[in-house]
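What follows is a pair of complexes built around chain A, which joins chain B in one and chain C in the other.
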Partner chain A sequence: MLRPIFLKALAMLASVSAVLAQDEIVIGEFASLTGGSASFGQSSHKGTELAIEEINRAGGVLGKKLKLITEDDQSMAGQPATIVRKLIAQDKAAAILGEVASSKSLEAAPICQQNKIPMITPASTNPKVTEVGDYIFRICFIDPFQGTVMSKFAQSKGWKKIAVLTDVKQDYSVGLTECFIRDFTANGGEIVREQKYSSGDKDFKPQLTSIKAAKPDAIFVPGYYGEVALIAKQARLLGIKVPLLGGDGWVGDSLLKVAGNALDGSFFSCHFSADDQSPKVQDFVKKYREKYGETPDDMAALGYDSAMILAEAIKRAGTTEPEKLRDAIAATKDHDGITGRITLDAQRNASKPAVIMTIDNGGFKFLETVTP
Partner chain B sequence: MSDQIIEFLQQLINGLSQGAIYALIALGYTMVFGILRFINFAHGDVYMLGAFAGFYTAPRLLQLFGGGPSFPGATAVLLVAMLACATIGIIIERLCYRPLRDQPRLTVLITAIGVSLFLENGGQYVFGADPKSFPEIITDRALEIPESWGALSALTITVGQVIVVGVTLFLLFALRTVVLHTRLGMAMRALSFNPLAASLMGVNTNIVISFTFGLGSALAGAAGILTSIQQPSIEPLMGVNAGLKAFVAAVLGGIGNIPGAALGGLLIGLLEAFVVGYVSPTYRDAIVFGVLILILLVKPSGLLGKTEREKV
Partner chain C sequence: MLERTKILLLASLLLCGLASWGLGGISPYYYDILIGIGINIILAVSLNLVNGYTGQFSLGHAGFMAVGAYASSWLTLTFGYILGTHATGTTFMYVAALLAGGIGAAVAGLAVGIPSLRLRGDYLAIVTLGFNEIIKGIIQNAEPLGAQRGLGGMVQHTNLFWTFAFAAITIYVVLNLVHSTYGSGFLAVRDDEIAAEAMGINTTKYKVLAFTIGAFFAGVAGGLYAHYKQFVHPEGFNFLRSVDIVVMVILGGMGSTFGVVFAAILLTILPEWLRAVSDYPWLPEWLREIAENRMILYSLLLIILMLTRPQGLFGGISFSKKRA
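On to the complex of A and B.
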């Protein structure tokens, strides 16, 4: 008896606050603030938050303030669907920002598409994400590009034999592996061993033992930083001295904390480098350091860009009406973002440059920029 | 010697060190089952608490022994974690299981699942859900294998692996001594034969049961530290999978049987390494739990267990 009344009261409260919030535009954000990919979620959230604050300080958009409502999906499968439904139904979000991990974005995208609420993912690189429908956008490059960049890089180094170690639980990792192998073998390279693991694994010695026996020139490990750090450590323990190659999933604070010097001489592709000397990047780095006391990484920069592109689109649309907002986002052209010049193509994917980083003496180092 | 043989031996070493961890955890399941005839499903989470006890105390303990990673420092961390887990195990038994001792076994079993969920979610709340980097208490590096060993010098054996296997063997031996050659051990055995008769003979069942929980939990705590030396990334849900695997190991060896638990642990560790290395990591868990089903179908008493007829 008590329960229905309580629920009704809650529902009433929610509708009252929705009415009160008329002079605000609600932006829903879902992110992994805790759990296995917390480092991603925390960074992208901080970047997004910084952008929203800046926009509001400059007077907001359409004369209204932006209100960011962030929900934590705990890096757990199943959570994004629940919280995105909540953000749309209860908080009446005009648009959704998130996630970094492709598997989480793939969970949320169909819900946004169904409800006709535009969703912009800052960093999900798996092609399938935007294929869900015309309300789903991304402002980062996609796996084929990243896999190809690393394959080309391996070829430029003269490596002929590569082993791959894939996280089969992550669409991101599987996607990168496919694209890497396709390009690498098409250009005369050889994949000498294909090994797999699952997110959350801690012991990789069996896989690495098998890889060691294949004597590769380098190992492609397109996983996330948590496992990659352990893989690197255990690879060195087993006497594997060849470089590891990876993608933007490596970017995370704890990568080097856990791996120490084990990743020295390895390479990965990503979206952004704080060492980039362009004034726009340096200005962002300065503001971010002032607010959070740390150096922004890729995910922070992408989170910032995603919020900025959304705000710009709302301005251009002149309304938050879903259909008009969707068209405005789709029309994004030459947005001068922190992570480069961003143009959205007909598939709602961003075309933009990638950065190749190396690890030297336990620290990240900018190597080169690769344009598509 | 061909590369294949080296790879095989290397997988054997990998499996052995992982199996040692499972063996340590499996002992706790089996000892509690031997005495109380129920599965303490919270046991895997005690293993997790052991790792976290080490995580929080290691920096200070290492300070006492000169700061950096050192053998005495690591020993101290190991002992503190074991002590902490023993205390936690005794408290869990006292608060959650003892009040239910006269209730049907199913009640205690369900309570154990509740305690497990409490520790997992409480752990996420208190420690945070993100993985923590375990401090380096001992430097894990590859041992130099002399060239004189010929082709075998291509093998890699790490300090961590040697420590894990060595400490496990030592603890197994110590446990055997306690169970076979002390009065408390004798009381434990008496209790596992017949609790009523044992108590009529003047055995203080409460103390013996507390002792058993303490002992089993201390071993789980040791496993938590030993794992963290090799895989220095810990999180509050690390006990779920490890606990389940160790449970399978205990059943495989014959639940209630101490040497059986050790054997089962090693076999599961080896099986995992070979499945991952030669079949596919995707099937690792499926095959391990398939073994559980198979053993329950073919020989429910386990490899070393005695067939016991249910008394009427």
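On to the complex of A and C.
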């Protein structure tokens, strides 16, 4: 039969697997370096890599160098579980960093929890991720917060009637919509139209025509950059002049390339702005530009912060023993990160400020920082 | 003859039990790969009944897998508490849910098959592809199934025993079916549909039957997957997953169960092995750098294999035919 032969092959595979040096602390990272969400995965990976290099240049932690082992999950469901098992069992990772997409983090989290290996996600905003267990942390704000921020912002602008256009294929978009609608209507606002689309759609004219008829003051589009750019262009073609509002999913290379000037006067919330003049941010931007020749985005900054928080926690714990490391991460307080002051709460979520950006003349512009 | 195949099935079931018991302590990573192999064998062998033996080109196998995964997960999540935490009870519940998932997928297969199997070739491929997207769309909008957020919280029931036991049963059923007198009908439909019809074979019935049985096992595979990964997401059952399974069938050789099993094993191990290659310290730097682009290498290997053996690795060679 086939099975014995195969088992032999597998045993051979095991014996030649990489031998790890003892004077290193292994940090496992799983990221979507290829596939649908590669743009996010690449950025967060670069940020993480930069942080680890910096830590090692400064002598590492506990007298040991950090070794980052990164595995690509190809943006495919089913992969994160396999990869995280590899990082934990084969590479003996002391902690796991990843992922940007909540659906990938949700797959990896139960495995980290079962193996009692701390996991820090840089950018999964779905509340459910950290509910998996006490070894799972996040350093970004969660969906409700962004919905709240944008609803507050809309009210501060004096807008009363808002239309919503949701990407039903993205839990992210659905989550933001729910919180936005709840907060906005609770404070006396009115949702005049709710329309839906799916990732990958190219034509949004039917939804936009319906929205136009409702005459909103602004349109909340908490989607990802690819579709948002097309939505903005088509809205302007239909003569809709009101601003669009969105979340951190708007941040992507191609947003302004595709949208051109169609998004001028629109607003979105995000984690970080490279225009922020604080010395900490400018220093990070400079180092990132030197290494990768491009301006860091949200995901890069979050990836950087996640690695820094982990390193700091290892230092404070004085060991990589899972339980002590977990407690040290949980005790993170006022970490002065690139994306603001980060404090982890009892639910292992970060409480930290959000940045509101505006788009002016086809470019991003830093508007204000909103604290929770 | 029948006796021998039954003995073989029992022997492999016994082996599954032994393997499951003996391999409990291996690295969770290898365990994960082994489970992946088992599930892919079920998927590929069952699709081979449709694509290989009956000659119908289905591109929607991941859709049936999704039906099974979600149906069985919903069952264990909703009714799991009734039988409590007693091991026998939960195992019973789990296997019942797997079978229910399979039956659910088979019903879906029947529902799609009856109207669409009057189509042939490319047209059928498009219909099954559409079905895959419809299933995904339904799940994405079904709140009780977690919609776009995915469904999690299942208990990890799936182990090597159940995975490979169902793989052995799948192989047994498919092999016995196509080598029975009744099952020659499948091959007749593939070889020449018009001639088969002229001989009095109800070709539509055969096609629907192959489709339904294939869907049943895909559903079981979905249930096994869901209760191993403990989290399912509609994107995990997309068109690309279907293509993965089709690639296994084509690479292994349409209509060769042995070849398809081999391809399922190869295509599950290969991407993971390429991950390890870039870490081998004794390889020259440039080779390791090539290996880092493992998906390009993987695709390249597929292209080379298809160019050199267009009929698939084991196409045209059937080990089991000697028996018949």
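Here, the second predicted complex is superposed on the first by the 352 of 372 C-alpha atoms of A that agree within 3 Å, B and C clash if a C-alpha of one lies under 4 Å from a C-alpha of the other, contacts with A are read in each partner's own complex, and residues count from 1 in each chain.
The definition used in the following text is that contacts are C-beta pairs under 8 Å (C-beta built on N, C-alpha and C of every residue); 3 or more make two chains touch, one makes a residue touch a chain.
Please read all numbers here as calculations on a predicted model, not as lab measurements.
By the touch criterion defined above, A:L367 lies against neither chain B nor chain C after alignment on the C-alpha atoms of chain A. Using the contact criterion defined above for the overlaid structures, shared-chain residue A:T34 touches chain B and also reaches chain C.
Touch criterion not met for A:L62: it reaches neither chain B nor chain C.
Looking at the shared chain after the overlay, A:Q170 reaches chain C, while chain B stays out of its contact range.
Judged by the touch definition given at the top, the superposed model places A:I191 against neither chain B nor chain C. Of the two partner chains, both chain B and chain C are touched by A:Q74. Contacts of A:A213 after superposition on the shared chain: chain B is touched, whereas chain C is not. In the superposition on chain A, contact of A:L238 is made with chain B only, not with chain C. In the superposition on chain A, A:A229 makes contact with chain B only, while chain C stays out of contact range. Common to the chain B-facing and chain C-facing surfaces of chain A are residues 34, 74, 168, 198.
Contact residues of chain B toward chain A in the complex are 3-4, 6-7, 10-11, 14-15, 18, 124, 128-131, 133, 140-142, 156, 158, 160, 227, 230-233, 235, 238, 241, 272-274, 276-278, 280-282. In the complex of the two chains, the chain C residues touching chain A come out as 12, 15, 19, 23, 27-34, 36-37, 140-141, 147-150, 152, 164, 225, 229-233, 235-237, 240, 261-262, 265, 269, 272-273, 275-276, 279-281, 295. The part of chain A that touches chain B in the complex is made up of residues 34-36, 38-39, 74-75, 168, 195-198, 200-203, 205-207, 209-210, 212-213, 226, 229-230, 233-234, 237-239, 254, 257-258. The residues of chain A lying in touch with chain C in their complex are 1-3, 6-7, 9-10, 13-14, 16-19, 34, 71, 74, 76-78, 81-82, 85-86, 88-90, 102-103, 106-107, 110, 115, 126, 128, 168-171, 174-175, 198.
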